[in-house]
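Each chain gets a letter, A, B, C and D, in the order it is written, and its residues are counted from 1.
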Amino acid sequence: MLNPIVTGAALVAEAPAQGGNLTLDLLREHAPAALPGWSLPLITALISVVIVITVISLLAMVSVWLERKVSGHIQCRYGPMYAGGWHGWAQSIADGVKLLMKEDMIPLGSDKALFMLAPALVLGAIFGAFVAMPLAPDFYFADIHLGAFFILGMSSLTTIGVVMAGWASNSKWSLYGSMREAAQVVAYEIPLGLSLMVPLMVAGTFNLLDASAAQSDYWGMGWFVFKNPFVIPAGILFFVAALAETKRAPFDLPEAESELVAGFLTEYSGIRWSFFFMEEYAAMYLMSLMAAVFFLGGFESPVLHVARQAEWHPILCNLIAATTLIAKSMFGVLVMMWVRWTLPRVRIDQVMTMGYKYLTPLALLCALGAALWEAGKAWIFA
Amino acid sequence: MATEHKPSITFHPEPRQLPGGEREYMMDVRTGDLEVNMGPQHPATHGVMKILIRTDGEMVTAAQPHLGFLHRCAEKIGENVEWLQYLPYTDRYDYLSSMNNNLGYSMAVEKLLGVEIPRRAEMIRTICAELNRIASALVAFGTYGLDLGAFTPFLYAFREREWLLQIFEKACGARLTYSYLRIGGLFNDVPPGWLEEVAHFCDVFEEKWQEYYDLLMVNHIFVKRTADIGVITKEQALDFGLTGPMLRGSGVDFDLRRDLPYMLYGEAHDAGAWKVVVGRGEKGTLGDCWDRIYVRVAEMMQSVGIVRWCLANIEEGPVLGDIAKTLKVPEGEAYVGIENPRGELGHYAVSDGGKVAVRCRVRGPSFCNLAILEDIMPGTLLGDAVAIIGSTDVVIGETDR
Amino acid sequence: MDFQGIHDHLRAIEAPGLVRADEPRLPNPEDKKDKGRSGDAYVVVEAAQLASFLRVCRDDERLAFEILADLTAADPAKDAEEFWVIVQLLSVQHRHRLAIKALVPKASARIPSATGVYRAAQWHERECAEMFGIEFVGHPDPRNILLPDDWEGYPLRKDYVFPTEYRGISCQ
Amino acid sequence: MSDQATMREPISAREWIKNVWDGFYTTLAGMKITGRYLLQKPITIQYPDERMPIPDRYRGIHYLEQEKCINCLACARACPIDCIEMDAIRHGKELEWVSFSVDYQKCMFCELCVYPCPKDCIHMGTEFAFVTDDRSELKHDLLSYKGMSREARIRMKEAEAKKAAKDAAKAAKGADAKEGDDA
């Protein structure tokens, strides 16, 4: 449905002629004249990539630590307490160092090239998806008109990496894991896209910046969930489908440690394994950010509204907006963790049943309802 | 299960001539069966057991348990150490219910000796055996959640189990391998304040039990994962000699504690302190995984009832019967089967009148319960296979002994 | 039913292969050497008829032994002529037990398999076969169950000599 | 390929709705329980800093009241795995200790060695952490001193002195008697 090639083609066609964002503007104003004009977008892109990778990696590391603390406290224990002093805040760093130090093992009989390529592909795809994700109203890397479409396309590209990893590992458990991943992601792309249709209809745009801006009325509380009653069920459906997309429990069948040992990760170790791990957390953030933008008002909050009214410095406004968005996505991630540590795992055929027979019809119903509601609204107010 | 090799792609030797002059090589692409070793180091096999499964996609078409990775010659050791010295070894076959193992072995030797056990010793034995049943059922419940991917109930169960282990530790000084019940009674009386702590545990446990039930047992995903899965019919269960919760889960109303009463269970049952829990097919078919795990979970509360009855009726007195220091067991043979948390634990002891047993047979319930896997696993999904193995609640120390 | 009742009933229906009943008894005060016998009572059955005896036990309405609780063997002494094969039956319906003993000569340790009667016997017989070297005739899957496939000797026999090494691993 | 592909019966609309509702409701019920614990204080303790109280009856590493021990071998005989070895040379009533070792590679902490002791001198202590990277160190000597204790040596010397004095007295007496005879 969301073929990345089609997405890419659409993107090129729709891409704005200039990259117009805060970084580029600043560069245009302050860059030394010696730099040729054509290099400025390139430098912008470079800066953006560095920022994306840093921010996402940091978020992933923090949320790994957070997950361990949340799971610990849910289970009446503390979680990491030693590394770094206060509540083991440096645990993720210590783990990262450990993973870097570990021997890089490639199993005998595996397809070496694919085995090494898979983690890179997975991580690259998920970072690529973040390109379309604005961090603040004036801080984004690409203002893509089909942003939502692009993100869904890129994030489903990770599936290819996972399937590749499972196939290349030359292990039966890995093969099971990757096949499950393929089946699962195909099944859940549909409800994911369909449930996203509902806020898209309310917003009337695929562009994340525009969608966010559309929720700024009513003191920054004009969120789509308050605008259309069908957005709330659609939000729940989106959340469930996003859980499945990101391979989180109760849909962690590709890993399924009690069934498939570790699924597609069985043969991976060290830093390659941690790439997959980072991808999982990055994907969690991506989906939470999507949910935050399309259901929970994006950057908008009363604080930002007040800041805008008072005409504070634009950088401060952008910081407030970014904090709001990250806080909202953090909330989504927390709920994902909470669900993970509560529920048992679903069986593979039930995953399929749930995707095709429950979520898809429900998402269709929501989309229909939302469409009628919007049409009715337009008809009444016209 | 034959292990013939079938290549997944076979080429036909003769190419087919196409009209345009091209030649087409025909091939059969076959989605081959996979033969997978589930174990000995697989998270779902609860120890070192191997199940050789053949799968067609996600479907398990054949399964064959392979045992013996934890074989420790318990029966042979029994023929080489003195009667009392064998007691610590009984701790180690079903290491989750050591008190019950001690009890079974002691009862077998006591049957040969023909000694009377003081009533206080019987009371404390009953309390210990039942508390151990709760501790064991908590592991069964917790690890079953783990098998199905729910991590949290496992730690909640272990929280209560930890308290139980501390209670045992106070009585006998060990947390897992108790060696507390001995031939003729107990090694020593319980410390002061111990019975009060047990009573307190019973009160707290009731609340926590409700929590387990709400968190996992009635969870929709859990119910859908376990209901109608791995159905063992009544006839199958009897034919395979299943015992304990496996048998009761299939709807057979039989509990050795009530039906062939030993110790004080019969008395407690007559006093209305507990009743036998039988699977009713509440969430699906009778005899499915949910019924089996339900019987285990519900039995915890019945055990609390027995413990409460014992606490109400306990009296002062000696805890060790008239037992010689070096046991010489009269000639004869005895089989004693008791209701272990996993089923009938049988001890068959043969004596020729000497200090050492001639034959010391242990009938481990897990060993017998496991045999049914070959029958019920084919035709299920891989995830169900895990659910089924978990629902048999095997302890590999006991299957291999 | 108690043991006496079961035995009388077995006599009455002429169960195949029933030899005698062996019950615990007190020491004979006149004979100093007789120390009596304690423990369980059991019925002794001809080895060749064991399977058909079990079938009768299972199918007879008043006995109704649905469960084969245990099937094992014992080697009473190094110089004994025979192994014992001991079967423990359990009736859910009537709540009684029965212990059955069959004597199998060591020289030709063969006994019909009870798998056709109780499938529970399958694994027990495999264990007996590898531990004692008793052949269960008609067993559908006569492989080792606990020991490795290439294990030599029968460990629970009294004349078993412990190996010093197994596949290059010292067992001392 | 598979001839075992199963087809589930289609479910009724009522059941469909019930499934949706049950899934939603029981998830929320579970999340309520876990959420409550999320906000409570954990019950675990931080092990190396805090420790659980160890009950008096704990069966840990043995300790020996060496003064009381009479080298009767009762504990060694009671041990199911023969992990206790002891050796002492007897000088009259006093013992000169050579070794009293427990092999913790074998020991299974069953406490069977404690009960038969006639002098109540071997006990199981509360110490349990006994970690080493050398197996030979696991054969642990319980003796606090080898040879003889100071008191035992003094007692033995006293006894010897007494005996010598006795002998001397006896000899003197004998001599006296002889002298008396002579006289």
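The definition used in the following text is that contacts are C-beta pairs under 8 Å (C-beta built on N, C-alpha and C of every residue); 3 or more make two chains touch, one makes a residue touch a chain.
Just so you know, these numbers come straight off a predicted model, no measurement behind them.
A comparison of C-alpha centroids places B closest to the centre of the full protein. Interface comparison, A-B versus B-C: the higher count of C-beta contacts falls to B-C. Centre-to-centre spacing of chain A and chain B amounts to 44 Å, using the average Cα coordinate of each chain. If you average the CA atoms of chain C and of chain D, the two centres end up 40 Å from each other. Chain B and chain C have Cα centroids lying 24 Å from one another.
Between the CA-based centres of chain A and chain D the separation comes to 56 Å, rounded to the whole angstrom. The set of chain B residues that touch two or more partner chains comprises 152, 159, 215-216, 219, 221. Annotation for chain D: residues touching 2 or more other chains are 19, 27, 30, 33-34, 43. The residues of chain A that reach two or more other chains are 74-77, 341-343, listed in rising order. In terms of inter-chain touching, the protein chains here follow a pattern that is not a line, ring, star or complete graph.
On the chain D side of its complex with chain B, the touching residues are 1-2, 4-5, 19, 22-23, 25-27, 29-30, 33-34, 43, 52, 55-59, 78-80, 108-112, 115-116, 124. Contacts from chain B toward chain A in the complex involve residues 34, 36, 42-44, 58, 145-152, 155-156, 159, 215-216, 219, 221-222, 224-225, 381-384, 386. Contact residues on chain A toward chain B in their complex (touch as defined above): 71, 74-77, 172-173, 175-176, 180, 249-250, 252-253, 256-261, 341-350. On the chain A side of its complex with chain D, the touching residues are 70, 72-78, 81, 338-339, 341-343, 357-358, 362. Across the complex, chain C meets chain B through its residues 24, 35-40, 42, 66-70, 72, 74-77, 86, 88, 90, 92, 95-97, 99, 118-120, 122-124, 131, 144-148, 155-156.
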